[in-house]
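Take a look at the structures below.
Shared between the two complexes below is chain A, which pairs with chain B and chain C, respectively.
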Partner chain A sequence: MSENGNERIKPKMSLWERLYFPEILRGMSITIRVFFRPKFTRQYPEERWIPPPVFRGRPVLVMEDETGVERCVACGLCARVCPSLAIQVQAAETELDKERYPKLFEINMLRCIFCGFCEEVCPEEAIIMSKEFELTFTNPKDAIYGKDKLLIPASQLKDRLDFLKQYR
Partner chain B sequence: MPKVTIEGKTVEVENGTTIIRAAAQAGIEIPHFCWHPGLSVAGNCRMCLVEIEKMPKLAIACATQVSDGMVVHVNSEKAIEARKAVLEFILINHPLDCPICDEAGECNLQDYTYSYGPGHSALEEAKNKKPKRVPLGPNVVYDAERCILCSRCIRVMDEVVKNPTLTFVERGDRVYIDTFPGKELNDPYSMNVIDVCPVGALTNRDYRFKARVWETSSTEGICAGCSRGCNINIWVRNNEILRLTPRFNPEVNSYWMCDNGRLNSFREVNSAERLNSPLVRKDGVLQEAGWDESLAHAADALKPFSKDEIAVFGSAYSSVEDNYILQKFAKQVLGTTNIDFLQHTIEGDQDNLLIRADKTPNSCGAREAGVVSSKGVDSKKIFELIAAGKIKALYVMDDDIAASKEIEELLTKLDVLIVNHWVKTKTTQLADVVFPSATFAEKYGTFVNFLGRVQMFRPAVSTLEQERVPGRFTMSRLDKFGSAFDKWNKGPRRNVRSSWEIISAVGNLLGGKMRYQSAQKVFDEIAQVAPSFKGLSYAKLGDRGALLSRQGSGSIGKKSKEEALVS
Partner chain C sequence: MTIAIEALVKIIVLVLVVLGTVAYLVLLERKVSAYMQDRIGPNRVGPKGLFQPFADILKLVLKEQIVPEKATQFIHALAPVISITVALSALAVIPFGNYIVIGGQKISLMIANVNVGVLYILALSSLGVYGITLSGWGSNSKYSLLGGLRSSAQMISYELSLGLSIIGVLMVNGTLQLNKIVEAQSGWHWNIFYQPLGFLVFFVAAFAETNRLPFDLPEAEPELVGGYHTEYSGMRWGLFFLSEYTNMIVSSALMATLYFGGWSLPFVNYASMSPNIAALVQVVTFMFKTGIFIFIYMWVRWTLPRFRYDQLMNIGWKVLLPLAILNLLGTGAVMLAVK
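Presenting the complex of A and B:
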């Protein structure tokens, strides 16, 4: 028994294993085999990974291509469900059929935990998780993304929108 | 008196009581839409169906009177089944737009559907299309699709406001509510239809889409719009008042309040013109200064004047406590009897429901607290004495006395003018020292309404020094889970103090002994000193307030002409 009360398990080794050298050779053979396999290390900044549609990157707002209007109706359910209180929405009235739109829509990307609840709760499929995961800031204020950074045309988000359709 | 058993609870109620009221007395809520305690019985929503033993069919609780020995089941299988069916029926054409509906979060239909609804609909047909976003009047917008046709709004306009404006038009599933031809919903009480609407069909144009219900917290308060003193809830988000709604008080306003109070009485609290720091005149210009500095400055400025050279104005806008401290300051510290306050009445702007001609919330309280002219020196006389150069220093609390050009010119004659106010006014601009004071939504205090009812209010908006009181406001989600560093917690916290604090501090610098820890302590002293407040305390005022005792100074108690009009 060790100090913390857990039983320490000593592996029982066979004679062959206890001989030591054969095991070293076995290990080396694995290393040498892998050495000649094709490389899968990515030269990251030059070589980029494009995530699959299931990936949850930063949340974005969907903008309709034809009209350039956001789908969002500023219902605030994303802000309501957000476990880290990262989203702030301020609604206002619009002449459009949808009656209301977000005058202000801000996500604090330092708070966002990429859980995707906002996407799940959205009644309009207006906020969805994108493929973007590279978020760097030099100032906490830069981490608050407004509508200028959040609005993305629907055509650029086709992968995720198609993916979500399977689960509607 | 009939005894009735509701859900196993036996209550004895008055003859002729309906089941829904008897259930309320027994502490049981029966779901309802069209019934409203302040309105007549319509019985058209069928939501309150209950099972009554020995009756062949279910009966509506709102219109069925109790009889002796009646046994009522609210949650029996049959009653639950009926509620489900009624909800499914109401939801046939009700749009599923809760996310964009302002009522969501305080909607009866939403709550009941959650509690009792079937969770599905038997109908596959598309929902009815009806007029949306119809402006019924300057303050109310109507959405016919959301309307469940309970007729509460029609009955409010007919029965309470006594200005029939609304009616049903069309028939069957095409029914909607509209104004009579050529009429508009522009009554001074029109916005009560929004409060009674059990769904989001009638919305407040001023508050529309401003916030979701769960983002706001409400604090009980008193409307400062007129001397009625309607009981209100103050809805606040990010330290900003977003709307006011009436709160039930049978002695004052029942379930109602007027549009003017609802829309305008909180504007000054949110105003961009708010004073945010004491101001002291240096080299002819008002400049920001610290509290200690400006309090000392005010005390020094008042020192050289004899008691006959100083006058003091109380205010019917500030609380009983403020006025009491002011008169104590005047009489005990300054030794002057030149004290009065200004009335702000609009003759004729009064009716038999709520609106009073006296547009201040506390003229009665100011008088009772001792801000009364004596020896013939009233406000008019004070202005005359200023004109004659006999009064050289003036302290004005929470009021804009420079109502006219003449008075403005008079005030320039003064050697010293000290003003407390919450916003920039003509008076503050002429002042030598300005203290920023707290509004009715930022402090503890009491108002006395025109009937002599003492009502208490608490801070609904935090200031730099005064937090809201935990447990005295409903917690919004942001209050519960947010932190002080949240963006939505960065609303302006103003550097203001209650007038009684400011005045007692000035008084103490001039040798007075006015040391109070809180407004409550001031009120306790008033209850000891002033006969009309005898026996009252903050605890006794409660939710409904309490009447002044009739042995008071005489301004209360005698039925005035105005009062006779109302009763």
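Presenting the complex of A and C:
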């Protein structure tokens, strides 16, 4: 060891290794094996990944298939729990059994962090995470998703609903 | 007159074929590198990405030519031209086949049947240094200058072992004419069996001569940005690229010609075929042999990391040169003993 401790550590190599060529051939045999290995690249726009039910995509509101009415009762818990303050709910009265419905339900997708707290806190299983993850918008206003974009029929969300029933 | 026309036609055909091949070699290199890195590589332009070279060339042609303000304009413009000229002219003496017959006339499948063919190639490969050195000097940039300096030192030191290893072949075959060397190797008398050490030296030195990866110090990206072509853009840079790949073709063709019997196949009797079909078989054979070496070039490039500069010089002077001389002495001793 030299005083400043900067001595280079030279690995001890056998004569075979110092011949260099056998080692090069070993390296080349590795690369050629990789060469013929099947590739796992996914050709994205044509070949898409379908996420499993555990996946947390954008949050959506569940709409009953028969009636076309959202499950949401506008309790505001999701808006309350949302750590990034992305959800805005305005409640109103309705003639239906549930008595309350959201007059306005907006999620700002620029703020949403896909944490899934809204889904966890919801007593009605009315807001759940979908499989959709390819979100694009060209200006901040488009990023605010209203009820028109949020309402999705329950039949399309079966995977996630079943998953929630099984594991929660 | 007919000889001039014949030569001109052969030159035009060869240059077009080689430039087309180079364009596709770039695609091949990208594909090979991708496959060796568990990727797929370019596959968007045309079926399976086969039109990618056209897109690449179009991009290069349309790009702006940026010349540094303080560069020596003339030399800056001259250097890529030297590089590509030298690379292409080395192809002149390489035999692609024996001969074809058109209208009762024998036309040999090499542009110039020079009787100092090997010497001519060695001379040209040392001229190639000028293109790189001048581009490094003419750009007036420190990275370019360092790249140019390195390349001249590297190419000069590897030229020695390259030349010395070829001398072994010349001793065995007793001729400098590449066509005669090929003819002397017909049957199983390939030089690789007589000159295995010589081939090894030639092989390694050829990598250094063409500035391919384990020895691509002149353009070592991480340390020298782009090396000698840092200050080049557009088609001028394209010319350097072109000459690198042409050099690769030339040295692969040389390895096939000098050590692996060139266009000849050991188990084929050319005399029983009509001359034109025989020529076709020969050309395909030659291209196949060359293609294998080109693939090995790429294979090595995507396997090995770059050498340090002192390691490069050590290998050149302390390993390859003594090996080449040893090979020379050994060949001479064996030839004396056999006689």
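By definition in this document, the second predicted complex is superposed on the first by the 137 of 168 C-alpha atoms of A that agree within 3 Å, B and C clash if a C-alpha of one lies under 4 Å from a C-alpha of the other, contacts with A are read in each partner's own complex, and residues count from 1 in each chain.
The definition used in the following text is that a residue touches a chain if its C-beta (ideal position, glycine included) is under 8 Å from a C-beta of that chain, and two chains touch if they have at least 3 such contacts.
Given the structure is predicted, the values throughout are model-derived calculations rather than measurements.
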| item | value |
| --- | --- |
| Chain B versus chain C as contact partner of A:113, first or second or both or neither | neither |
| Which superposed partner A:99 touches (first chain B, second chain C, both, neither) | first |
| Touching partner for A:41 - first (chain B), second (chain C), both, neither | second |
| Which of chain B and chain C A:75 touches, first, second, both or neither | first |
| Chain B-facing residues of chain A, complex | 73-77, 80, 85, 88, 91-93, 98-100, 106, 108, 123, 144 |
| List of chain A residues in touch with chain C within their complex | 21, 24, 27-28, 30-32, 34-37, 39-41, 43 |
| Sites on chain C touched by chain A in the complex | 32, 35-40, 43, 200, 299-300, 302-304 |
| Chain A-touching residues of chain B, taken from the complex the two chains share | 99-100, 132-133, 208-210, 212, 214-215, 477-478, 481-482, 486-488 |
